[in-house]
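Next, two complexes with chain A in common: one pairs it with chain B, the other with chain C.
After this line comes the complex of A and B, so read on.
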């Protein structure tokens, strides 16, 4: 078993808001090994972005409370690092790609200059060497006229092009972990596929581990090796993508799968999941998914622990009862 | 949120477009012409002036405008045209200098204040509130008097008076820019706050700062003249317009050209810069545009 790049252990995180403390993540645990692509999936509002931003420590310091748990990056706890130590890690060891390529670049600077600054910041190299690295970085993300593009401002570029630049920026220091928070959601379908392929290729080529956030299970099935299913701030199931897709254990995962056209088995009708995410301030006492669950039992009024063997784990009383039928 | 900035920098970037739009309004075009002429006259003063602005000819004191002395002479026979030309250098040069100083310091302070927040922000903003609580002319007079009456101190005093406007403007812009994704993205590259403020925040808040600079120029030139008039700025024999009028007003009845032409120089210059400022603001400030569109 290869070493873990990232271990999130029993992370419980809250935000201070006007309405009081809101617990957004509860006991989230998962790990990412070197060079591995892990998908983080869940409905909107389930806490995917919060998890990702907690890893890079990008959440607003004044309002974020890490109540318990650890986030180990390369064996060190991110939560206890100083801001200066964190700056060494951001960009250099952890690259980050946001959902909105439209606003992730500085509108007042050419993309070449932005790359140049970041590259010089990382490598401390001369202007001339940095210029060559900019060129190479742009070629790496398959930009065909790097000289031309480098001189353009973000508003002159399409969404797909901008996302390539953002990826080039995130990968410029060859980080050990790339966090991609819904990198293709804002793009149209053809461009989506290209960006996915690009991320996959770069990750393979550089041995970069990727935390890939999406609510698109189709994407996860295409590029990820393992996946983590988040529901209302809790991990309800995690394991190798192939196993989960073939045999989802948690009723929520099953429901998610039935809601995706290309993953749902042919002949089975597409189904939206009835109900909605619970209010984080008034959670059910037991299983968080119980109010929407078709297999709800008496036992579900107590919280099911995340149990499993090896890579697979599921937090459900119902699925724990059955013997897996392969 | 991000669109205006993008649009603004696009508009800001096109120099030729800007020129075209600026000269489309007749008043603004006139102001541009006047400002260009004034700046040229100021720059070329040593070559254009028929005489040194300080050489005294007691035999020709207070002579009326003539072929030799276009604007007449003053109470010690100095050529008024030469003095007014050199005065333009002082007014425009010192005016621009003190506004730029205020803008530079104010932008840095305001941008850091807005990005950092917390105690630094609190401290800086309270200080600016104190500065703003005085009428600007009173504060400028008090500061100039305290620093000692000379031209440099007058410029410094005016820069301090103008500072809060830039700090507030830069801070408000910095606050809204900091909330944008590209600033968070810059943090994910491991860039420090100094870098983020100077390279990511300040370049994006420049358009409104530029507008404010052009709006302040006329007012500043007037303030310099006022301080000079009150004896708190340039001292004689420096050919500063305000200082010149403070002597010249006594001759208003018998040698009307002396204070009148000097006053006209101040009036035309301040008016031109004010009109230019208004024109630039209408062009670069999108909020202004929208308001105009809605009300008309």
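After this line comes the complex of A and C, so read on.
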């Protein structure tokens, strides 16, 4: 079995707010092996972006409290590193692609200059060599006229092109882990398909592991090998994408698959999930999904542990038993 | 909790409620300081039948919003004609009277479409200012508003609250109630679920379906979410760069798209529910995609 690039172990994290501490992640655990693509799936408030930002330590230090747990990147705990050590890793060993390419890029700098800046910082090479690397980096993200695009400003480019630039920046140091935080959410579907292919191809070529954050089950099924399902700050289920999509074990995952209309299905009834996403300040004492769960039983008032074997794990008291099918 | 896809045969025979005839709309935009003409609607013609859900799909820049604005009377066409219930409501040059209250719209993001400083009562009664005093009296009473709130799944006391006191899904319910308060015949739904969390989307879709039956509504459903379109719409028009490239029954469109762009659009949509659904990731190890 390949070694893990990233291990998140029982991570519990809170935000300091005017209304007191709000626990946004509770005991989140998962790992990513070298070169593997893992999807982190969840709705708003599930903690998917917070997890990603915690890994790259992008959360504001003053208001973030890691209560317990560890984030091991290449065997070292990210949470205890100094800022100087972190700077060596962030950007260089961990690349980050943000949702909105326009805000991730400097609007007042040409694309070429931005890439040049980053490449010289990472590789410490001469201007001439850097210029060649910029050219190659742009070609690698399938930009057909690299000379022209290098002279352009972000606002002159389409959303898809901008996201390619952000990917080129993130991949320029050849990181071991690429974090892609909803990289296609702001894009049209035909462009989304191209960007997904691009990320996958680059990851395979360079052996980069990818942590892919999304709320779109279709996207996960397209490019991830394993997935982690988050709900209200907890991992409710994780395992190989194929298995989960075919046989979801957690009632939330099942309900989600029935509630989201998929193009390949027609005529099958759509089943809404009753209720609303929980307020993180007032969570139920037991299972976080219990208030909306049709299979709820008395036992669900105590919190179910994440149990499983190998790659597969589920946090549900029903797991291992026959769930009444309805 | 379960709503089956409706029988669409009855709709096929129904009379037209909205007709666009060779509608044209151009905009002048500045590109690097030079004025360039963009054709946002290029000879667009289609008919929406009474009681159906007509989907308009296309990517950003395809002209979906321009068409919505034209139908709502927010923009005037440069050419062509739009008729509603047999009467011309938009044509170039003159401004025909607009049937206020008969055509309403639900916007994409209820966080921005509801005035944060208005209580729900005020939000709901505002559209009634544009309709006749009789209609206003009939539907603007507290009892009528409470009933309407109940029909969209909100409690009576919601009437005196502010939008920020509600969740995203509830806010969209308020926006839907606001559209229905004048008892319109036609409602334009502009991506009504795309700002909502996926677990809440289905609730709103089911609500729209039951309201359609209850109020006898016709919907024009603007979306880029092909999964929702397939589930919700009877017929679909595909827009590409301001042109309507294909109009077809939903099933026909998804099983046998005739235009090249429609095929490209459908191929791009990631799907998961088929056991044999194509996945990018498994093609990768042997040489990439």
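In this text, the second predicted complex is superposed on the first by the 314 of 326 C-alpha atoms of A that agree within 3 Å, B and C clash if a C-alpha of one lies under 4 Å from a C-alpha of the other, contacts with A are read in each partner's own complex, and residues count from 1 in each chain.
Just so it is clear, a contact is a pair of C-beta atoms (placed from the backbone, for glycine too) under 8 Å apart; a residue touches a chain by one contact, two chains touch by 3 or more.
All values derive from a computational prediction rather than experimental measurement.
After superposition onto chain A, the modelled positions of chain B and chain C are compatible, with room for both.
Of the two partner chains placed around the shared chain by superposition, chain B is the only one that A:118 touches, whereas chain C remains out of contact.
In the superposition on chain A, A:281 contacts neither chain B nor chain C. In the superposition on chain A, A:104 contacts chain B only, with no contact to chain C. In the superposition on chain A, A:56 contacts chain B only, with no contact to chain C. Once the two structures are superposed, chain B and chain C can be ranked by residues of chain A touched, with C on top.
In the superposition on chain A, contact of A:91 is made with chain B only, not with chain C. Chain B and chain C, viewed from the C-alpha centre of chain A in the overlaid structures, lie at an angle of 80 degrees when rounded to the nearest 10. By the document's definition of touching, neither partner reaches A:16: not chain B, not chain C. Of all Cα pairs spanning chain B and chain C in the superposition, the closest are 9 Å apart. On the chain C side of its complex with chain A, the touching residues are 1-5, 59-60, 167, 169-170, 197-203, 205-206, 224-228, 230-232, 250-251, 254, 264-275, 277, 279-281, 284-285, 288-289. Those residues of chain A whose C-beta lies close enough to touch chain C in the complex are 37, 43-44, 159, 188-193, 196-197, 200-201, 204-205, 215-225, 241, 245-246, 255-257, 259-267, 269-274, 276-277, 292. Residues of chain B that touch chain A in their complex: 1-2, 5-6, 9-10, 13, 180-182, 184-192, 195, 199-200, 203-204, 206. Every residue of chain A that touches chain B in the complex is listed here, in rising order: 56, 58, 87-92, 94-96, 98, 100, 102-109, 117-118, 121-122, 153-155, 166, 169-170, 172-173.
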